[in-house]
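See the structures that follow.
The same chain A turns up in both complexes below, where it pairs with chain B and then with chain C.
What follows is the complex of A and B.
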């Protein structure tokens, strides 16, 4: 059998570089998810409100995000808007903008879904006990909403981490790009490095996403 | 009216064009158990919801101890503490244990001390035979057990009147009995209650006064429940009661 090309991994600082690339991917996801949760909460609450104009606007926004491939959004923001508006966006800033734009739409819809899934009797029985509107939300509605939301938003994190592999297309050096660079640099000495390195990248994604996804599953079961 | 605790005067409730309660008058005295019966859609549940200001009303007023109970009023939280309500089904908070369900309002609304409130909660749970389930969650309980907890949750607030809205309608027949036993014991201890039910035998056993409601009006009212159930005065009530015979 031919060499699997894993030797390259332990040459110099290659493995540490890969981990550095992984951190870039995780960092973008975490920042974007944090922004998305805050904006998504606002959007979700507004979507359950009375304004039909707002609802229509959010509907269109959500559809755009769902239909548009993330890579196109990345290109529009990084290559497009920087030219047209003449501002100076780093590739990381562009990535965070696009991922937050995407995440806010998804979170908003999740929050809306979680809020309307709480039966009316929950509001009423809390009110009937003499709780004020603020207390009804604080002790009864929001805890239940958050319980429904946490597993779903954790899933969004894993989806974001996976999708960060696209940001190499706008010049960010994340884990996949690092792997490519290492493979290119060792083309002569280890032609099989492509197999070993990409396999390791796969395992790294797995190592990050699997525990997160397990956590989501656990919380979902526990709070169901 | 002698010693009326709850007074409902000329109550009007409509959903858009559809009139549910059409100028209803009713007074409930302290210590009295009033049972409201009637065909579905007659407005009996809506009546209870209006008493607790869960519905906007289009006219008339609800007075508790002479104070108006109005939806959206500043003091509604204070007045609702005097009105205990148990709903048809599953209104326990699913994310809280049985004990926390019961303690939420005493601790947060009445600002009572935890130790004292917990002691009372356990006594009440003991009375309905559920003391050992205090740390369980609602989903671990049967329907009948949940309803008994819901009654305890209302009782711990020391309400002046209890509103029971078809509390056995969603229960399996064998669970109905255990819940009604609890309510019967409350009635005997002098609680004031306004009860909506489809359990005619229960209504007959517990009522000091029976109200037959139809089309948003009181069609028949009787202070002799046995006589009412045996020989209702109006043709409509007779027809209605006949639907319970086989």
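What follows is the complex of A and C.
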């Protein structure tokens, strides 16, 4: 215990601070994921539509998200909007905008992929049975799409939770930053605290991401 | 096939256009800032500090900001009659914070350089930084001329110490390491006769490791640490300069040193590191 420097974890309010930092990371991811799922579903359906203009616009959007590192997007939104438009966005609002911007693009592409993976024959058979377009989606296509989407979107959610560590660059103090603060503040008295604390941070991330993965597995089985 | 390539070229062109419009916008206008009166009226001053660079700016186990920079920041708030809102900054984003007016002052161990002075306005300095050389106490290196032809000096790659020695003492053989821990082991094992690094680093090392002494506490270009404000924020800059001058009379930064840095750097280096009243040793009148 001593050698890992875990004793610093229980000094003062350190552990509560660490959990507070974890909540910041989880809060940003949850809000962003909720926004991304709603907008991503809309975007995915539109991407499979016939409009060439819409497809081109989404293509450009998706490419921008893919080639721009998230850290650059964070700087553009947090500092860039102040320089260009004079908006004074808080760091949390900037983080949510960036993570939703990223999540919507990825989610839209996942939805698009899941939709086109449903064989043409399914649409045609459903229509042959006399279902309207709305009914075709509601009873035939979407249930199958959602099932295919779950593993992919869980992957996105857990990736998003882990990427929240970048928000420290725009002044937000999340779990990893708190860990660094605790390690530095105790550098002299517990030089080995880094190993123990990073292990604890890993366990905290695991404690959040693992139940999400389990839930996905459960849903996948139930709906299969 | 051709069509697909054409489409990709168009996509790439549009993305580039976006990226360029962002970058050209980004430097279009000067940053916004709050004047001294606006800060006083709001009752809060935003000060950017490090939250994980002990002992200059860090957060203690109760979640409170502490350190040499923070001690000064608290005094600024007290003398302005406003509350201090500490903003946790990273080394890479300090200038951005000032240029966008998201903080009023940066007090994050900010070394004054010519390049930075073009982007932000520095107030008077409150600390010295230079290079230092630590060596074993039975073979102390007190001058770089003491180093023999076959002796090797340990440096960490990419540090200012490496650059300085390569430029000014090309004959000295260097032993380069990537990490602090490796350089430390090398010195302890006697692989090199001395270790050159930032003087704060070598002083702290000598205090933590008996048997080693800092033979050269101050080497190379003497840089200073100073508060910085947004370029053009003269009201705040003038107030800060007056404040630093006035604090010199009560030896404020010595008190700051004794409260925050004494444990790490010891009493011997107080006058080497502290700048009082904004007057560095080079400018001080002769005889003092």
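We adopt the following convention: the second predicted complex is superposed on the first by the 211 of 224 C-alpha atoms of A that agree within 3 Å, B and C clash if a C-alpha of one lies under 4 Å from a C-alpha of the other, contacts with A are read in each partner's own complex, and residues count from 1 in each chain.
Rule of thumb we're sticking to: a contact is a pair of C-beta atoms (placed from the backbone, for glycine too) under 8 Å apart; a residue touches a chain by one contact, two chains touch by 3 or more.
Just so we're clear, the structure is a prediction, and the values are computed from it rather than from any experiment.
A.B. asks: Clash or fit: chain B against chain C, after overlaying the two structures on chain A?
C.D. replies: fit
A.B. asks: Using the touch definition from the top, say if A:202 reaches chain B (first), chain C (second), both or neither.
C.D. replies: Neither: A:202 stays clear of chain B and chain C.
A.B. asks: With the two structures laid over each other on chain A, which partner does A:130 touch: chain B (first), chain C (second), both, or neither?
C.D. replies: In the superposition, A:130 touches chain B alone.
A.B. asks: On the A-aligned overlay, A:122 touches which partner chain: chain B = first, chain C = second, or both, or neither?
C.D. replies: A:122: touches chain B, not chain C.
A.B. asks: For A:170 in the superposed arrangement: first (chain B), second (chain C), both or neither?
C.D. replies: Second partner only, chain C.
A.B. asks: For A:54, select first, second, both or neither according to whether it touches chain B, chain C, the two together, or no partner.
C.D. replies: After superposing on A, A:54 lies clear of both chain B and chain C.
A.B. asks: Where does A:93 make contact in the superposed view: on chain B (first), on chain C (second), on both, or on neither?
C.D. replies: A:93 sits against neither chain B nor chain C.
A.B. asks: In the superposed arrangement, which partner chain does A:19 touch: chain B (first), chain C (second), both, or neither?
C.D. replies: In the superposition, A:19 touches no partner, neither chain B nor chain C.
A.B. asks: Of chain B and chain C, which one touches more of chain A's residues?
C.D. replies: C
A.B. asks: On the chain A superposition, what angle, as a multiple of 10 degrees, is formed at chain A by the C-alpha centres of chain B and chain C?
C.D. replies: 160
A.B. asks: Just the number, please: smallest Cα separation between chain B and chain C in the overlaid arrangement, in Å.
C.D. replies: Superposed on chain A, the two chains' closest C-alpha atoms are separated by 22 Å.
A.B. asks: Which residues of chain B touch chain A in their complex?
C.D. replies: 52, 54, 77-78, 80-81, 83-85, 87, 89-95, 104-105, 108-110, 150, 153-154, 157
A.B. asks: If we count contacts the way the header does, which residues on chain A are in touch with chain C in the complex?
C.D. replies: Interface residues on the chain A side: 8, 11-14, 17, 56, 59-60, 63-64, 67, 75-76, 79-80, 82-84, 86, 88, 168-171, 173, 177, 180-185, 187-188.
A.B. asks: Which bits of chain A are touching chain B when the two form their complex?
C.D. replies: 121-122, 124-132, 135, 139-140, 143-144, 147, 223
A.B. asks: State the interface residues of chain C toward chain A in the complex, per the touch definition above.
C.D. replies: These residues of chain C touch chain A: 11-12, 14-15, 18, 22, 25-29, 31-32, 51-54, 58-63, 66, 87-90, 92-93, 96-97, 99-102, 208, 263-264.
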